[in-house]
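These are the structures, in structure tokens.
Both complexes shown next keep chain A, but they swap its partner, so chain B is in the first and chain C is in the second.
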Partner chain A sequence: MRIMVVDDSEIIRIKIADVLADENFEIVGKANNGVDAVKQFQLLRPEIMTLDITMPLMDGIETIKKIVEIDDKVRILVVSALADKATLLRAMSLGAYGFLCKPFTDNDLAEAIEELIEDLV
Partner chain B sequence: MNDDNLKMFVEGTSRYFETVTQKPAIIGAPFLIKDINEYLSDYTGVIGISGDYKGAVFFTAPQRMLRQLLAAIGILESDEDKLMDLVGEVSNTVSGNARRTFGDKFMLSTPIVLKGKSGSVKVSKVEEVYVIPIVWRQHQANLIINLEE
Partner chain C sequence: MSKTLSVIAAILTVLLYFLVIVQFVLRLSKTDVSAVQSRQETDSIMSTISEGIFLLDKKLSIGAEQSSSLKAMFKSEKDLEGDFLDFISHYVTQKNVDLAREYLALLFGDRVKERLVEELNPLKEVEVSLVRRDGSFESHYLDFKFKRVLVDEKISHLLCSVNNVTKQVLLEQELNATKEAQEAQLDMLKSILHVDANKLTLFFDQVESSLQEVNQTLEVKRKGFSDAEMRKILNKIASNMHKVKGDAAALGLHKFEFSAHDFEDEIDRIKKDNTKITGKELLPLITLLRMMFSDLEDMKELVNKFSGLSDSFTQTDSTITGNHAAVVTPAEKMSDISVADTLRQLADTVSQRNDKLIKTNIRGLHSQHVPEKIVSAVQSIAVQFVRNSIVHGIESKAERQTLSKPEYATIDVIFIQTSKGYLLTVRDDGCGIDEQAIINKAVDQGIVSTEKAATIPLAKAPIFLFYPGFSSKDEASVDAGRGFGLDVVKKLVDDMDGKLNVTYEKGQFCQFRVLFSIG
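Let's look at the complex of A and B:
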């Protein structure tokens, strides 16, 4: 399956891409802010997106709204340090499918993605 | 900042190192300081806080520690951009996790990164500044909390 990784930290983008490539996912795009994420999404149309919340230019909450307007079937996994319930509920109500709190282990990430797509495979 | 709030930052810092590196850090007891500049290291990530609390959270660490931390994460290249990215990400993660206690009105900026011990960092004089010392693989870093309600 095709995945896009969105986070303002290059280290996190590399880490997520490495773990998911090892799980045989195809990394089709990476973005470091919401504006670039939306532009790339329109072109690349991945089936899955990992998405940070705190980012420059456009945060993850606004990005979910824009992405879901384009394609409401995309599976978005929010990967964020923001550990409060309100952020989780807001992201999920806007169309995110899952939420993984930073910091995370490789296993945490792989399991979160598996849960995200369990009804698709 | 009360003891419970400081304890939450201690636990958040401990959780970061344990989860990301599988090698726990030794986190010391928080203590009050007067001049933040005495506690800054080679690289410092700063998260500005607004909303119900105002101020900043700093994570500051020596270059050698950051190189080893990157390797432990699985990132083998450790150029300057990645060292700066890493201090920003640690400060962001520990600050973001604090919303578990403080709630969503604890608003975070994106990270600002300082290089070197500039000697000119100024913080709010209204509230205390606390340092939480961190020792990981024999390297000393600090989490610095400057928040007022």
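Let's look at the complex of A and C:
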């Protein structure tokens, strides 16, 4: 499974990458802002993506919109430091498949990814 | 013959038809009965169940089948009907209505897992305003749960169940508030027990004066002050609060720290939200300030209640063994205290042997404070001074009583580092030095001739104390009077290139100081 990690914190990017590597995902790209994320997505077309909602340059919601425009089959896992329902509902309505709230444990992340791709074969 | 057969056949056919029809009718009525029964069962359930239950179709219209309790929940006379969001907009905030719209749309779409989005339900334990019969408003908490109804594996409806959870929510809120208050109190207590009583008192004074400054600044009538002047005032107040925050943080007094922080946040908000500040915008600050004053009073009260307890745990630990009371600071307790320990034990022993009541105050003599090079010398010197203090300096119990001096005499042994070197001070509140007696003794012991003695100024008399063999005691005891003591001190001091000094007041005190130079 090809996956892309988008977060403006290097520590979080590394943490997510570590967990995913354990689960045998292929990390094809990393980005630290929305604009970059869209560009890379265009080129790499991963099947799965983790996306931080609170990022500079282009916020997560905008990013989701743009990415879903390119390919609406991608499974986006929204990662958010703020637990505000409105933003998360918005994200889900726009096309995200799941969400995870920071701070999260490695286990939380693994479970969330599993749920995300449950019905994919 | 064939005619009869035809008639019989016809009659049989009719009979058969009849039978079939009768059977059919019977069967119909049986189905009818079970349908009626079914209907009755459903009705019984719907009229008794306490949850509000109804179905929502894809257009979000409320279904006709509803539990009776549903209308009661909304204090309505008739069944609910129409558009669900329209209906709910009369009871909850617009924001919640908008969020509900998105949420329900997600539920009807089959992309997202039901379980996952459950957390995002905006109508979970939502506050609802219900109108009473008299027209007044009542606040309740209702919990709406939505579940997908699948027909042939496709989502056809959403089943909604509503519960009135007002009691539970209010209880939880109360519990949380109590918990917070308790934690704040515990925090205060912990801080009080950990912080030195002196530091606390100082902190209270400083906070009080800072808060008073803020109060005065806020109270000044500010008509006609320009926006710039107002901002200047705000900055001054902010800086006061910043100091309070820092002091509180340093002492681990979190409640104050956070209150001061909230105050600073409020000031920032006022500066940001207003383009022109005239004075009334500062009102919220007054409320916050009142709260801080009240917290300060609470804390002072707590401190007073526990001052006895706090004293014995933080400031001094007075252990009185026999004749000797040792004053120990917590910092000392925690480290390796060889010299100090030695001195205390010594004081213990000597005071008992000489039947004197002594209180020692030893500071700065943890092994890490005393440089290794001089630690042995320091100890020896201090030992001498303390011994002599108890034996020669401190008066007997009876004498002290006659002189109206405190029952327990005090010996301070302080070791500090100064710019000039390490300074050891040993001071007692005993009888000081009797110059004439010393001179007489010196003459007695042949150290100086009578004639010479007459020319010596009294102030110089103490110098004889340091002569080898000099003793103003008639009989040597184990502890002192042997005459070998202060001369040892002098030698040690000379060897280390140090300085020796004695100050005293007859009948009041005697203080020896030794300066060990650095290096």
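Quick note on the criterion: the second predicted complex is superposed on the first by the 121 of 121 C-alpha atoms of A that agree within 3 Å, B and C clash if a C-alpha of one lies under 4 Å from a C-alpha of the other, contacts with A are read in each partner's own complex, and residues count from 1 in each chain.
The rule is simple: contacts are C-beta pairs under 8 Å (C-beta built on N, C-alpha and C of every residue); 3 or more make two chains touch, one makes a residue touch a chain.
Everything numeric in this text was worked out from a predicted model, so none of it was measured.
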Three-chain arrangement built on chain A, chain B and chain C clash or fit: clash
Touched partner set for A:104, first chain B, second chain C, both or neither: first
Contacts of A:92 with chain B and chain C, given as first, second, both or neither: second
Which of chain B and chain C A:12 touches, first, second, both or neither: first
Between chain B and chain C, more extensive residue contact with chain A: B
Touched partner set for A:82, first chain B, second chain C, both or neither: first
First (chain B), second (chain C), both or neither touched by A:115: second
Chain C-contacting residues of chain A that also contact chain B: 86
Of all residues in chain A, those that touch chain C in their complex: 85-86, 88-90, 92-93, 95, 97-99, 115
Residues of chain C defined as touching chain A within the complex: 95, 99, 102-103, 105-106, 111-113, 116-117, 120, 122
Complex contact set, residues of chain B against chain A: 15-16, 19-20, 22, 70, 73-75, 81-82, 85-86, 88-89, 92-100, 102-104, 106, 108, 110
Contacting residues of chain A [partner chain B, same complex]: 8-12, 14-15, 18, 54-56, 80-84, 86-87, 101-105
